[in-house]
Amino acid sequence: MDPFLNVTGICKSFGAVRALHNVNLLASKGECIAILGENGAGKTTFASVLIGLYQPDNGEIKLGGAPVSVSSPAKAIEHGIGMIHQHFSLVGAMNAEENILIGLPSTKRGAEARARIRQLCSDFDFNVDFDIRVTEMPVGMKQRVEILKALFRDVSILILDEPTSVLAPTEIAPFLKGVRKLVANGCLVFFISHKLDEIREIADRVMVMRHGRVEGVLPVATTPMAQMSALMMGEKPTSETVGMPKAEKVRNDTSSAPDALVVSDVCLIDPGGAEILQDLTLTVKAGEILGIAGIDGNGQTELSEVITGLKRQTSGAIHLNGTEISSASIASRIADGIGFVPEDRHAEGLVLSLSVEENLAFRSIGDDRFMSGGLISRRAMHEIASDVVAAFDIRPPDPKLNASALSGGNQQKIVLAREVARARNLLVVVQPTKGLDVGATDFVQNQIRAVAQSGVGVLYISTELEHVLDISDRVAVMAFGRITGVVDPENTTLQDIGLLMTAAPEEVK
Amino acid sequence: MNRFTMQRRIAIALLSALSVGGVLILLDGHNPFEAYKVLFLESFLNYWGFSNTLVKASPMLLAGLAVIIPMRAGVFNIGGEGQIYIGGLFGAVFALAIPNLPGILGVPLIFIAAAAGGAFWAAIPAYLKAYRGTNEVIVTLLMNFIAIHIVSYAVAGPLLAEGAPYPYSEEVSDAYRLPILMPQSDTHAGFVFGLGMTIILYFWLRFTPSGFQLDLVGRNARAAAYAGVDQKKTIIRAMLIGGSLAGLAGAIEVIGLKYRLFHLFSDGYGYDGIVVAFLAALNPIVAPLTALFLAGLSAGAGTMQRAVGVDSSVIEVVEGLVVVFVAAALVTPRTTSISILKLLAKNLRLRRQTQRRKKEA
Amino acid sequence: MIDLVLLGDVLAGTARLGTPIAFAALGGVIAERGGLYNIGLEGQILAGALGAAAGSFATGSAMIGLGCGIICGLISGLLLGYMSIRLRINQLVGGIALNLLLAGLTAFLSRQIFGAQAGGARVNGFSQINIPFLSDLPVVGPSLFSQDPLFYLLIGLAIAAWFWLMKSHKGLDLRAVGENPKAADLAGVPVFRMQYLAIAVSGALAALAGVQLVLSQVYVFAEGMSAGKGFIALAAIILGRWSPIGAICAALFFGFCDAVQFKLQFTSPEIPYQLFLILPYLASLVALVVLGAKASAPASVGLPYDREHR
Amino acid sequence: ERAAIVMPGSISDNGWNQAGFEGLTKAGEVLGFEAAFSESVHQPEQIEVLSDYARRGYDLVIGHGGEFQDAVERVAARFPETMFMVNNGLGTKDNIANADFYFSQIAYLMGYVAGSMSDTGTIGIIAAQQFKFTTDTVAGYEAGAKAANPDVRVLVTWTGDWDDIAKGKEAALNQISQGADVVWPTMDSATLGSMQAVQEKGVYGIGIYRDAINEWPEILQSAILDVRGNMRSYLDLAAAGKLEGALYRADMGNELAMRIGSFHSDIPVDVVDEVNNLIDAMKSGTLVVNPQ
């Protein structure tokens, strides 16, 4: 029997960067193929070719034995190919329903469509607010809308590009179950992820990519994880690739350390009157990593913004090293040595139209490091960037490249590198490992640990519970804009944390 | 499209524009080759033609910069035209009110007055944009019309020169007139002044934190806020600079070219500035080139009419076509923001490489 | 009683002065909602005017003139579309160049078609239609219900455009293109086709402004007869917050101020007339500030969409 | 002999510029001049264009409109061999001649006709922009109207635009709705719009530059400012090498340049006679209209 999808000899270059090199793949219906590879390996590019977003320089795609030309996403949809994108492609000014219905034939947009959307939501156990516009949604909800959009389109090939990166742990399981159901119904699913456990759970085969080539397509069940990583990393052991020994997991004893950050009784009420943060109090000691766990959308983002000055709290106080900074400007907090990795790298972490080196500098442009004789030293900027690019293994290793040309994971590394270097007194990170491959994740976690070890307080906010537990000295759990409990990551169970995460507001009091 | 090199694209573009225009010139009963010869030779390679080009390029350059700086902060200044008028008005009023200063003192003061006028006219949309979120495009556009009428009133009323057959003011005193660069012509020092501004602004944007931060606001306002840049202040600053530059363009027209304030003294230079700015991909250092291109086109077109007798309506068509086609050639696939200079440099490098390779082979 | 007559006058003047601006503004709204600036409105008004004059001149039929005007608008719209969508020329530069080109071309052609008597060749046009009963109403009757057919067409088109844009599926798709073309593309909207459609319709609507000037107002073509209406229309788009109805209200408001301005010149001849000429612009500005036009433009307007760029 | 004319507007504007263009080309044909022209030359280009013609060896360079006065003075100083002329100019030099019209004189006659023919006692005049030409015209028109009917009300509207036809129409409609039953539009292209309104509303109009009754039957009388004739008279001098740096002012005495057109058939004989008497008085100098 002919395979359903037959991809042969696909090549794609961007300028000097060879993003795909002679990619071949056979796949049949009812199969789930994971795509694994380092940041910048070409996963998203491959998916984009399938979906008609990029035109390959070479190669052929056959569907059901017949060559097809996927010259546009609309064509792809006609052929029953759908995709969930790594970076959301939603219309901010429209609500969830409109976003899902855009582009569909009129016959599929009637009242039944609305009913079906809600049905899908409950099938997948998705919490989506249909009354607000996408711009007002927390990232997790955006991702759910993105997923719904693809699911709604009755596809025979579905490509998921890091679909779970900002889903709450509680949402991931039902989502994966839903995907399995699709596969069982004969859908061909590509699942791009850096999370080996998810791949293991859901995929039948894994296609490992490296530097734009397919290194192998292996059955998941019989291939040890180590072999997958080895293929992906090019035989080198993980820690060496990233140029640093994997740090011993040492818990810092910070009980006698001074307080780096004290947040006391902070409330934040949004213009609509909703209480986003309620009497929130927490302390981060110098040299300590305080993890914040919680389901996305419970005020974590806002907490980080209040601390860094992007939002002004309605009441309450914030102290940094004993000095009140409650009403200090963002600029003065930057000058105070607060590093901040924001949640949305495209929206605020990066300026995509600037080069990598400028992105590495823009939040500290007045620093002596970047200045000479009162002027910005482009040379210093370049040299510092060259070092960072090497240390963080940012690819392609060209600091003059526009940030927009980098893969998602490499973009994240830029933000992290910049903020880690900047943080002298406090580092606030939100979803720092989002989109990073295994090696990069280790590297970044090590960097953050190193920052803490140098005496900087770290506030580590993430929905990736494992990473939080892995790195934190203490873990505070947030729900409904409050801290519902602070636990010791060594002596706590996932269940306890799960309870705290979903604690109803009245219980919290 | 992607496969063409820069030179080829520009060449093809110009050829297409000129052949379409040539047909019209032919229809109009003239020899297109003769007309085009004049168009090119007399805009740059002829003393008088080049002087005309420079005269026009001066306000265009400053008006272009007046678009570039605000645009780099994400503010769309359509108001160059109005700012030119108000700048010219302020400069002229100052020059006429205090006619007896030595030039060395008077000219800078006139410039300051004109810059203040332009900045004042830009401050209104800037304030509305920064603090009330009002769309700046519409405010600046409407204010252009208002400014033109204000100057029209001023020169027909309070400033009207004695015995003038047309609304214009008295002449400014000799000491205040900009020096003439090319003897016997009207080429005043305005373009040199514009070049100076260009260099200052280029370095400011590229090598000072405040310039860099202004650029950030335009590229990604949220990221700029996250970098501690005060967006409101930046918008105001950018517009004040833009307005000052346009105001200076007005002053240059008054004390460099006409020596009086005239009704309708700017012929849409504020709008030409938009073309100059975007053809330069918003890079100040490229703006002199694009200003010269546009000015040369307009000067050459004029001579084409006078020397060959081509109908001015046909000339407008040719001008429009050339701008369209050249703009099309300058758009590089997928890298709209790369500046012309960069592209040229890249091209040269490529060519040298291939030549070297050929030699080696 | 005098006041009522005055009011009726002003209303009629509003409709006359506002209608061409409103057509152009409506065209601008459609284009901008699809993510394209149409700075070429001014030139397209001229194209429509010339088309209408030439069509009616050649055949003696106003309807054919109308058709020719619309076709000229469609072509000029598609031309701008090609520049903005395919060539990805900066949309402001392209629009400004198109204005230059069309100003020249219409002048050239009109001299060819109508000869030396360029301004003088008068053509057949539309006459007023009195809506039964309504046109007999006092004050508003003669001014609003006894207008040329294109005024009614404007009202009809505005409502249709509003309905299409805000309520229909294709309208949603078009708005999505203007907000985030990549998202629309990935959702299966044929982005480029939608944009060409929008810009062509936009050109045709702008051309209707010229058609109205020629076939309903002055019955001749004159060089430069758009006289800046395309630029005022750009302001009306924003003042009307990118809504078809809003833009038309804004255009009519502008027309209203212009009509009032003429009246004021009589009542206060001692005030310099330039101040009255400023009035429509100033009033629009004040309206904008008072109404607090915070509503923002379609997020991607003016940015050429390149599928492979990220 | 070569002559060039530089105009501020389009040569097909049915008004000032068209008159200038035709004036030079027609005269050129008759007198054997080589004639060149530049249209739509705006403020910043004036000096450039004028100098260019001088440099190209044109013997006579004409700036068509008072707005060229200043630029001509600048350029003329540089090209002492070239003769310059400003139509509607003010201020002569050795090589700068001026030609203009005694606007208020002919406007007075138009005002007189309008004042006599108005049933409502209200008449109007529409102009684009306020400067010497228009203010003189308005003043003469008012004076003439008052002479015919001391109680007449004269409406003046400024449109700010020479070529905006829609505005021209609106201005006329406004005057008519204010009771004006004679309207005199004095713009360029925009005049067409005003005349359209005059025709639609069934009132009278007054023409300018040429005998407009041939195009619009509702024209009572036209102020023929024959730029052609005026230019012809000084081009004749130029051809003979006798053009001097002097003011050549056309008044009712110079019929080639300034005269009235045909009377509308509605105008009673006595009014016609009175007008002719006024013309005689003007010619003889017994009637002096201000401003001169």
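Order as written gives the chain letters A, B, C and D; numbering starts at 1 within each chain.
Throughout what follows, contacts are C-beta pairs under 8 Å (C-beta built on N, C-alpha and C of every residue); 3 or more make two chains touch, one makes a residue touch a chain.
None of the values given here were measured: they were computed from a predicted structure.
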Between C-D and A-B, which chain pair is linked by the larger number of C-beta contacts? C-D
Measuring between mean CA coordinates, which chain is farthest from chain B? A
Chain C to chain D, mean C-alpha position gap in Å, rounds to 34
As a quick test, compute the distance in whole Å between the mean CA positions of chain A and chain D. 75
Just curious, how far off is chain B from chain A if you go by their C-alpha centres, in Å? 45
Averaged over CA atoms, how far is the centre of chain A from the centre of chain C? Could you give it in whole Å? 46
Would you mind listing the residues of chain D that make contact with two or more other chains? 130, 160
Where in chain A do residues touch at least two different other chains? none
Among all residues of chain C, those touching at least two other chains are 107, 111, 223, 228, 274, 277, 308-309
Go through the chains and record each pair that touches. A-B, A-C, B-C, B-D, C-D
Residues on chain C engaged by chain B in the complex (per definition of touch): 83, 87-90, 92-94, 96-105, 107-108, 111-112, 223, 228, 231, 234-235, 238-239, 272, 274-275, 277-278, 281-282, 284-285, 288-289, 292-294, 296-297, 304, 306, 308-309
Write out the stretch or stretches of chain B touching chain D in their complex. 48, 52, 55-56, 59, 149, 152, 156, 163-168, 184, 186, 253, 257-258, 260, 262-267, 269, 299, 302-303, 305-307, 309, 312
Would you mind writing out the residues of chain A in touch with chain B in their complex? 308, 310, 329-335, 340, 342, 347-354, 362-363, 365-366, 371, 375-376, 378
Touching chain C in the complex, chain B uses residues 24, 27-28, 128, 132-135, 137-139, 141-143, 145-146, 149-150, 152-153, 156-157, 271, 274-275, 278-279, 311-321, 323-324, 327-328, 331, 333-334, 336
Once bound in the complex, which stretches of chain B touch chain A? 203, 206-209, 212-213, 216, 219-220, 222-223, 225-230, 337
